[in-house]
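Each in structure tokens, the structures are laid out below.
Paired with subunit B in one complex and with subunit C in the other, subunit A is shared by the two complexes that follow.
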Partner chain A sequence: MAGHEEADNAEAIITRIEHKSRKIESLLKQYKPVEALKTALEGSPPKTRDERCKSANWIVVHRAIMAIKDVDGMFSSLDPEYYDILMKYLYRGLSTGDRPTCDQCLRIHEKLTERAGLGCILRSLADTVNTV
Partner chain B sequence: MLLLFSTSDLIHCSAAPLINNFTLFCLIAFCPNNNEVHIYRLLEEKWERIHILQKHDQIVSGIDWSVRSNRIVTVSHDRNSYVWNQEAAEWVPTLVILRLNRAALCVRWSPRENKFAVGSGAKTVCICYYEQENNWWVSKLIRKRHDSSVTSVAWHPNNILLATTSTDGKCRVFSTFIKGVDTRDSGTGPGSDSKFGEQIVQLDLSFCWAFGVKWSPSGSTLAYVGHNSMIYFVDEVGPSPSAQNVAFRDLPLRDVLFVSERMVIGVGFDCNPMVFAADERGLWSFIRFLGQRKTSSSSVKYGSQFSEAFGKLYGQSKHGISNDTVEPSRPCGGIHENCINCIVPLKKTGDSRMTSFSTSGLDGKVVIWDLENQEDLLEYL
Partner chain C sequence: MANTLRLYLTCIRNTLEAAMCLQNFPCQEVERHNKPEVELKTSTELLLNPVLICRNEAEKCLIETSINSLRISLKVKQADELENILTKKFLRFLSMRAEAFQVLRRKPVQGYDISFLITNYHCEEMQKHKLIDFIVQFMEDIDKEISELKLSVNTRGRLVATEFLKQFI
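For the complex of A and B:
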């Protein structure tokens, strides 16, 4: 029964992510990459163990991260509450080994560390329960 | 502001200094990362080794010195504990069999000094008390409550409640009521009528290792730290606790100390004590580093502050040493050059406020800090 509920829950999360994805595409069309990134990071499903949900959300976040051109400009309008979750996704990006993704993640990582400090890195690495 | 004591080989250290304001009589006990405990005395501006406590077979992992009864308890990786009593000029050990199958990691005397708690790698906590009729220290275990090693223990001022942190990320509060040792009226508040080993509350705030737990002087607030650069403050410890999580931008902490109800000093991997304080609404936040991180332009200023403190405590002869400690090239910018893993309050006779404490770290240094001339922090004392 518990497994069944988990599956239902996962379906609901996937639907939400699909909805989010459409919203992000429209935000990107309006040249609002930071809004798109915020939307992607909001409601990220770290608590679920379902890898499908995590992957689906990563695709959405990845789309938003790659659309960021002006990293300094992004940080001037990104609130600190997003820093920890963004750091987790940057490490997920770095783990893909994909050249353009890693380039972009490293560029953002440098600026994010300047702003959020080493504590932010520690929080993303030390938390082995709420992975993205 | 601070004074420096350094030995070349001291790595792990637990200090329990006693300072008497009038005579500047200061004792300090530490373990130089081996099976011995060294006791030093400050006499005429010089540190002098007066005792070596040698009984353990392996590294001593915890030391605590009870102030009123003048007893030292030590625990070690050899899974045993000794209570040391001073008889004439000698420290005489009494073996306490903890009944552990893993190393003991930390030890604390209870506020009334009639019990002590030992955290261990065996996922258990030992509560030890003295049995008069048998002339023997008995160890009672709290088993099957922790999922991993117990890294730190802290006594509530009521002598009954014990808080523990563990590498399973949880902070737990237990009752340690022992018939014949404690009386029912000795405690008030949550858990005062509970049995030995009963878990009062389990706090699941951290998702990684938890270290360093302490109660505030009144016992109304609990603080502990996680390895994720977070510090947690918990009020109303009981059935419905309220918690505040404070994330900070620097490296994680290892130990904390309540200086007052409203101020906490945290020490850890950043090599520099951090000050946290609560505002009027009770909201905790990071205030600043205690030994300011300096830029080269400000080093002169701090140098003079250090000298001033030294002059006050030890006469002007120590100027040279104090200036050595503020070279701008130091990587961490503070007095300690490596992780600080221990912070102990200094008990001055006849002073109700706690204004000084000592820290020790993996760099082999013991540093004494005084808050008296940190004017911006005095409002929190």
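For the complex of A and C:
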């Protein structure tokens, strides 16, 4: 029963992620990378075990992260509630091993740690339920 | 180039500062035993998410934490075959003397060049920030050492070859 619901939810989630990615593309065209990042982080599917949903969402977030040029400016307009989920995605980015992604993620990680503190890192390490 | 190294080391330092929250935890399965949980991985509730921090395709650092122990595995940059051999031999030399280092692991984790195992006992005896300083300093020094070794091997090779081939002039 729960398995069926998961499968339906997965399809629904993937459709939502596709909508999101279209919205983000348009935001990026309008040179609003911070808005794009907020949109990408907002609808992150919580508690889903499906790897496809997570990968799909990661691709969207990755696109938004790579489009950011001004890291300090981004933090001045990003709400603190997004820090934790951003940290989780940064670690996912760092694990890819792709040079430009890692460069960008390392840059944002340093600034995010200064802003959010070590608690943010520890929450991303300790949260085994909501993983990205 | 130097900037990414600085960012990489800062990221590792921050992650270690957050992850090095270790306390004593006796083994749940066997009475009177105290084992580093990160090595056994028997109980999932005692483990935190492992974190992989890559600087580029060649260099990475895996940090696995549990309630009473922390394991850090490093893969060092190896540009060519000579550096490959030098790194392997040098790090094997260090690993065999792991007793002297206390926090070093005798065998590196599969896929990495060298591993550290830090337990709650180490954190009690030694200062946490000093341990982290040691790890980060180690990472900086390894690169320098390998380049120095490579330079000295090339110099010696050149000298030996010159001397040897002089007799044929």
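Observations on the model:
Keep this in mind: the second predicted complex is superposed on the first by the 130 of 132 C-alpha atoms of A that agree within 3 Å, B and C clash if a C-alpha of one lies under 4 Å from a C-alpha of the other, contacts with A are read in each partner's own complex, and residues count from 1 in each chain.
Operating definition for what follows: contacts are C-beta pairs under 8 Å (C-beta built on N, C-alpha and C of every residue); 3 or more make two chains touch, one makes a residue touch a chain.
As the structure is a prediction and not an experimental result, all values here were calculated from the model.
Subunit B and subunit C, once both complexes are superposed via subunit A, fit side by side.
When subunit A is checked against subunit B and against subunit C, the one touching more of its residues turns out to be C. In the superposed model, A:84 lies in contact with subunit B only, and not with subunit C.
Of the two partner chains placed by superposition, only subunit B is touched by A:130; subunit C is not.
Of the two partner chains placed by superposition, only subunit C is touched by A:102; subunit B is not. After overlaying the two complexes on the shared chain, residue contacts for A:122 are found with subunit B and with subunit C alike. Of the two partner chains placed by the overlay, only subunit C lies in contact with A:110; subunit B stays clear of it.
Of all Cα pairs linking subunit B with subunit C in the superposition, the shortest spans 5 Å.
In the superposition on the C-alpha atoms of chain A, the part of subunit A touched by subunit B in one complex and by subunit C in the other spans residues 118-119, 122, 126-128. Interface of subunit A with subunit C (complex): residues 91, 94-99, 102-103, 106-107, 109-110, 113, 118-119, 121-122, 124-128, 131.
Listing the residues of subunit B that touch subunit A in their complex gives 207-209, 226-230, 247-252.
Within the complex, the subunit A residues that touch subunit B are 84, 116-120, 122-123, 126-130.
Against subunit A, in their complex, subunit C makes its touches with residues 4, 7-8, 10-11, 14-15, 17-19, 21, 44, 47-49, 51-57, 60, 65.
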